[in-house]
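Both complexes below contain chain A, partnered by chain B and then by chain C.
Moving on, here comes the complex of A and B:
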């Protein structure tokens, strides 16, 4: 292998690794705050990517209707739970957030889909639609189970992944799609060629990581999320609602997923089930980070991306096997370094 | 005048085992009430149930409102605060962040003034404000836990074994602060194994044994009681009355 090929592979690995880093961070965030191992993170990627690609090609994405259907269900859940103490403000708030908002977004989607909207509109609509799906998914599938064990939450997570993947097939069909580049153009530096899209990936990843760092370090809501992750009972005693923390975590995770999808879909053809594998690679990074460490997860994600790029060059048939095999020594080392702990109860 | 906190015929169970049986108590405005009793008597269980951490059978009213349907966060918003035995601090966050989060439901401008008040009350916390909570000493952690609860501007602060495992000089400091809280208009429900210190500063007292209150009344009368003196204070009064 000469230096040029090595640099190419390194560049490719870093681009993919940047996406895995975002997904890994989202997984760590959701697990730390809600104890949910978010398997459907991959579906947020696919939904974001394919909603964006559908809109860009002038098609109406089914995800906008799904958001409304899930919103109506979430509203019904809210009203049922509060049935003995219903009051006007609560009903209004729930209806606006869960029914009116997705209905407006659906109307906008129908309107814009008919006239091949600009890239910016496609991105904005895709992000809003997937963000709503993420938020309602938490309300419907995970909030009612918030007090249960990690295992129950994992089973719910697998269930929602399967349901969303099936719905993905229904909405987008079995054919793969590609979307327009967010930023076109390219330039060369030495033997390396940088496309506008890969620069977008780097830029957005760095911006998101810095943004998350500022959010967690400086804002009260960011600190509340960290507090919930550190000590759930302590957070509740300080008046921080764990449901609010869960909602913020799912909102961030779904936006990160959708954004990752939008960044990948101009580079690779994505299918309704592609997100799962991409999400799993973020998961490998998150596991290397012990599902707690953000910097370790980001570094591990870059490593996963680079290993993947090199193994696709040397043994492309085994590239997934090699990536997932990374987990075995990590888990072995972790199990030797730290004894098994009982699950925390609160 | 109606009581600030009123618990009527409360039962708390862990599965089939009843840890608190038919307990009733009242805490008035501007009052320190203590519950003393041996380890395992059910004191912590009772406080946890009043806060909504454990399910309770019976009636709990705070500021005239039934708490049955309210969760922990709602109770905090109403002005009920708990400093639990294990403190439940955000150990990987610094002192200032812990305090700031205590005022999560309070207006930002008021929270800023509150933090200065807490620093006046606990000057040690000001010195350590950038230090991670997990690296503080036991006494400092107790001060931080109390400070965080006070940041929420509670009308009633429930303290669960605040002196546990602390050096006598720190314990004296904490009890001094509890009396200062009363002077500033905060009622306190104090659960303590250190009955002597608790009865000295309390207005009313309850003695708990095996999940039930066996004695209640003015703290000074309870302290003078022969059985209490023998069981919890470690000495016999001359001429103290029997229960």
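Moving on, here comes the complex of A and C:
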């Protein structure tokens, strides 16, 4: 192997790894706050990517309608739960957040889709649409289950993954799509060529990692989220609205997912079901990071990306096998390091 | 679980179904599929619902069962009946390999780990040349008995449902045994089970293998039903679906697995055949509806359908009282060089910078009640954990009858005849008092999982239950013997823990705040019981906050404060010790 190939593979691996890092971070975030292992994270990726690609090619993405439908359902859930104590402000707030907002976004989407919008508009619309889907998803599927076990939440997570993936096929068809580059242009350094797209990927990943770190370390909301993660009941007693924490977590996760999707779709063709596998690789990273540590997850994600790049070069048939089997030695190490006294609760 | 009648009825009904005139053949195909899923789900019930280990990877074991027989019957011409044990063996061996890695993980690592290797193995199936890559293996011979070939779904139906019924029977037998109790205790954490000699990693591995073998059996049947295998049905989606089946049916119940399989298979079929009529158009509408129904079902009935159905049946009156005339052999007494039962010498435990136990020394002689007292945070429970091997001391030594046991795990300590109760009650709430107490006698039984499944353990089992019943009567809870432990008051649960500890046949009993939550009369009964035990030759070391209780009961008292021993002596001297008064009441007292 010569150094050029090696550097090239390394670069490829780091680009992919950066995406996995973002997804891994989102998974860690959601798990820590809500105890949900977010399998539909992959759908946020594909929804973001394909909404962006559809808009850019002047098509109307079905996700905007889905956001409205989910918003209406979420509003119905809100009103049903509060049926004994309905008052004007509550109704107004729920209707504005869950119905009026997605309706406006839908109108904007219809307006812009007809006239091949600019890249910036496509990104903004895709992010808003997927963010709303994430938010309403928490309200509909997970908030009513917030008190149950990790297992029940996991199964619910699988259910939402199946439904969203099916809807993805309905909206975007079985054909793959590619989107326009977020940042075009490229420069070369030595034998390596850096595209604007890959630099965007690095930049956004670093920005998110620093941003999350600051958010959790310095802001009150970040601390509230951490408190919820440690002890739900205690957080509630301290006046933290745990549903709000869950909403923030899902909102962040869906934005991160959509953003990752938008960044990948100019590089590789994405299909309605591609997200699952991409999300799972984020998982692998998150597990290596122990589902708690952000820096470790990011490092692990880079490692996963690099392993994937090298194994696709040397043993492309066994690429997925190698990536997923990577977990076994990691689990083994974690097993050996696991504390002897550990009590599970359910 | 005692009655075998429901199983017999079930078997007869299932046997009769194909003979119903006008039975559509398609329904038989559905029933075949239900049976195949039920086998896997049954394993998951044991693994996830009972043992608390969530696995997304069961589909991979189905795949191993199916591919083993497919390869051996097509490439090497072996008879399917020969490949059956091989299929089960391969699934089981793989479970040992993967299990050794994964079962020690707790909580969320385990499901994610299983998901990952489930996926990895799926890709392996689809890439390996000798397994036919994505095309798989076809032209697998059918099962046959003599010249009778099970070619149709109607003929293999019997093989499938015999397998389901037998597996259910064996699984239920296993749960209702010495090993079963150890498995059922797993979900509540390790510490309690290990304190009574259960080797928890081994118990976890056992359920893991059991579930994998059932999955392998399902795969073997699948291969001979379809007579072709390809990787698709063994992927992550299938693994997820099996878990879903178990949760829908009721993850804690063997029959919940069968019911869940019926619900899910029929539901999918109905969705697939009728949805296109309602919602015309492309694609995966049934997947969407399926996913939404899954979430809705969890929101409405998180416990599953089986327990919900069972709640309509009249409540069964409690089980039979075990025949207490059966004697369980006494545990062989450990003999040692020293007459001092327990000697703690300069034991020290540091958690990072915190010194929880600071060079504490004391001993317990034979036939003696020693109390360990001190303000909250004095290190009393940590001392208990050091003695029983839950924690290992940073320095210092602990000897039993003169033999050092510093690094011994809890399972070894209990073998020396030291048993304990816990400050925070650690019973299995959904097991009866009798079953909980019988865990205490775990080391005094000998039956393994295989003999339990085949019911060869009954003589052993009867003795264990008899011993448990005797100890329950001794502590005065005979009335509550068949109630669920979780339904008792906290004070009673503490007494149940004492009965469980007594089942060990201990020479030293460690009680962590046994009188907390008891009423005055109950405390007096407890004190009497402990005195009787001492007079019978047992020693007791107890942590207690109720001073009246301690002062009247203990022969000797050791006082700890901030991890350090500040006094030791008879109750009379402790009461007047200025150091002790200072620790409890402050300086100026």
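Details
FYI, the second predicted complex is superposed on the first by the 338 of 346 C-alpha atoms of A that agree within 3 Å, B and C clash if a C-alpha of one lies under 4 Å from a C-alpha of the other, contacts with A are read in each partner's own complex, and residues count from 1 in each chain.
Note that a contact is a pair of C-beta atoms (placed from the backbone, for glycine too) under 8 Å apart; a residue touches a chain by one contact, two chains touch by 3 or more.
Computed from a predicted model, the values in this text were never measured in an experiment.
In the overlay built on the shared chain, the residue A:236 is in contact with chain B alone; chain C does not reach it. With both structures placed on the common chain, the touch criterion links A:287 to chain C but leaves chain B unconnected. Of the two partner chains, chain C is the only one that A:324 touches; chain B does not reach it.
More residues of chain A are touched by C (comparison of chain B with chain C).
When both complexes are overlaid on chain A, the residue A:164 reaches chain C alone and has no touch with chain B. With both structures placed on the common chain, the touch criterion links A:223 to chain B but leaves chain C unconnected.
When the two structures are aligned on the shared chain, A:154 is found in touch with chain C, with no touch to chain B. According to the touch criterion, chain A has no shared surface contacted by chain B in one complex and chain C in the other.
Interface residues of chain C, counted against chain A in their complex, comprise 48, 52, 54, 98, 101-102, 104-109, 111-113, 115-117, 119-120, 123-124, 127, 187-191, 240, 243-244, 247, 251, 281-295, 298-299, 302, 390-391. The residues of chain B lying in touch with chain A in their complex are 51, 53, 69, 72-73, 76-77, 81-82, 84, 87-93, 97, 100-102, 104-105, 108, 148-149, 151-152.
Residues 31, 37, 140-141, 144-145, 148, 150-152, 154-156, 158-167, 169-170, 173-174, 280, 283-284, 287, 291, 317-318, 320-321, 323-325, 327-328, 331-332, 334-335, 338, 341-346 of chain A are the ones that touch chain C when the two sit in their complex. Every residue of chain A that touches chain B in the complex is listed here, in rising order: 84-85, 220, 223-224, 226-227, 230-231, 233-241.
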